[in-house]
Amino acid sequence: MGQVIYSLDLIGTFVFAVSGALAAARQKMDIMGFLLVAMAAAVGGGTVRDLVLDSGTVFWAADANYFYSIALAAVFTFFWAHKVSSRFKYLVWADAFGLALFALIGTQKAMAMGLQPIICVVMGAFTATLGGILRDILCGEVPLVLRREIYVLAAVAGSLTYWGVTNFGWPGEPALLAGFLAALAVRGPAIIFGWSLPVYGRED
Amino acid sequence: MGQVIYSLDLIGTFVFAVSGALAAARQKMDIMGFLLVAMAAAVGGGTVRDLVLDSGTVFWAADANYFYSIALAAVFTFFWAHKVSSRFKYLVWADAFGLALFALIGTQKAMAMGLQPIICVVMGAFTATLGGILRDILCGEVPLVLRREIYVLAAVAGSLTYWGVTNFGWPGEPALLAGFLAALAVRGPAIIFGWSLPVYGRED
Amino acid sequence: MGQVIYSLDLIGTFVFAVSGALAAARQKMDIMGFLLVAMAAAVGGGTVRDLVLDSGTVFWAADANYFYSIALAAVFTFFWAHKVSSRFKYLVWADAFGLALFALIGTQKAMAMGLQPIICVVMGAFTATLGGILRDILCGEVPLVLRREIYVLAAVAGSLTYWGVTNFGWPGEPALLAGFLAALAVRGPAIIFGWSLPVYGRED
């Protein structure tokens, strides 16, 4: 199971890195800019989590496979993405998969340290969403996930479900699957139907 | 005394979180955006301080009361703030109180680790002001505290005073009070009279 | 040799701090803003490196000389820079020197922890370039180094060379010199001839 999660984690890292590289493309950056924004998007959330939890050398510095996954995504996007006209369509679903996975990994790591439930959920949400926020800041944009579409909420739903069923006694694998499905159950319809949370002052 | 400081700390956290939530309101974010910007404003400074000092799990991850205080502020602001027309008037004073308190807490933490005086003062200023800067960055604004009003200087005045009188031999409580009053003595008139530090190139 | 590197490090810190202070000048900040942006530019990269490596109290908090170097640069720039009309001309070369040095220091620190080669190179690039990126974010600009001129690549060239010749068996001093010259060999012509890496979508 650990190997499966690890492989999925590297794939999720690749997907988030592509979202970073596409943002770099919109800013007409060079390949180094692609690499850095891809890195921020892919491991920014997990980095903040590891720093806040004080869990030693940050995960991607201790295991270069994350960087290779990111570099592959950055180079791939730099050279071929502009030929893919409808590139965004599938990416948004791959991103939902990464969002769900990263939320669970973050929650799991915080739970393993025995932190309070709400903090474990916050760590899941951080892991899943701060990378995208960092990506937008590096590109000079107000982070979109904070005002459009149901995004952070999906991470929270996955984290909360995982925490809940684990404490209900479910073993690791079914608990992860339940959390994963909960996150997708919130994010999926939001993608299909364009759902958003109400924003402040809408009625003004 | 520890309990008093702790209670004040949670109140200061609430106030800073409200300032974050109001910034999120200006950007028309959803409730998740409110929560995140409120968090950045309220605990961003202390988080950077804890990371730089390498003082273990960051304070708010080890004690969920900070998060509850922030969540309360975010939800409260999201639902009721738009009915408060003159909301900014009192907030700026509550913010001055938080500024003074956070500066002292940051300085105290650095002094407890035996760091050099100037670094203790910098840590006080970081704790008090980096949250507001992070808040502005998340909202796509050039941080205001860096060019308008005497703000960072008030944190420095409080930190410096606290450090000074502590080394002069004053015990904890009077030293904290002295630092607190020093910060307010700088920030208060700046609020009332709209004082600013001279900015670069004014004479151009 | 350690003393020489340390002295050069403080000089590099001063130079990077000046670049931060000049950015603060463009934003018409006050002296506190100058200090903060100078700090971000000068020690931002090394701070992220130390945090990611989890190498204890961040270097500048453990040794106030870095702060003194930054404060000197901020005050100097605040009061006298506007009288220097052609100030940018020499600064860009001083900056290249700092870029090369910081890349080597970052790589060295990561190598001393036994991290994988590619991570050591990334740490070199982070140390040399993240400060400038943080500076630009604080000033509300999309980081320039990500799309103009060959900048990050020079840091990578220096780091890679240093890592390579060290593993080839070269002792510390010649290895540092080789890395230094490699970084300058990439950055120098880029400054003189205005070379850039190709950016994404140029052919569109």
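Think of it as A, B and C in the order they're written, each chain with its own count starting at 1.
Just so we're on the same page, a residue touches a chain if its C-beta (ideal position, glycine included) is under 8 Å from a C-beta of that chain, and two chains touch if they have at least 3 such contacts.
Keep in mind that this is a model prediction, so the values were computed, not measured.
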Copy pair chain B, chain C: interface residue numbering same or different (half cut): different
Chain A onto chain B, rotation angle from CA fit, given as a multiple of 5 degrees: 120
Length of the line joining the C-alpha centres of chain B and chain C, rounded to whole Å: 29
Junction residues of chain A, two or more chains touched: 51, 54, 137, 140
Chain C-facing residues of chain B, complex: 51-54, 110, 113, 115-116, 118-119, 122-123, 129, 133, 137, 140-143, 145-147, 151-153, 156, 196-202, 204
Contact footprint of chain A on chain B as seen in their complex: 24-25, 27-37, 47, 51, 54, 56-58, 60-62, 64, 67-68, 78, 82, 137-140
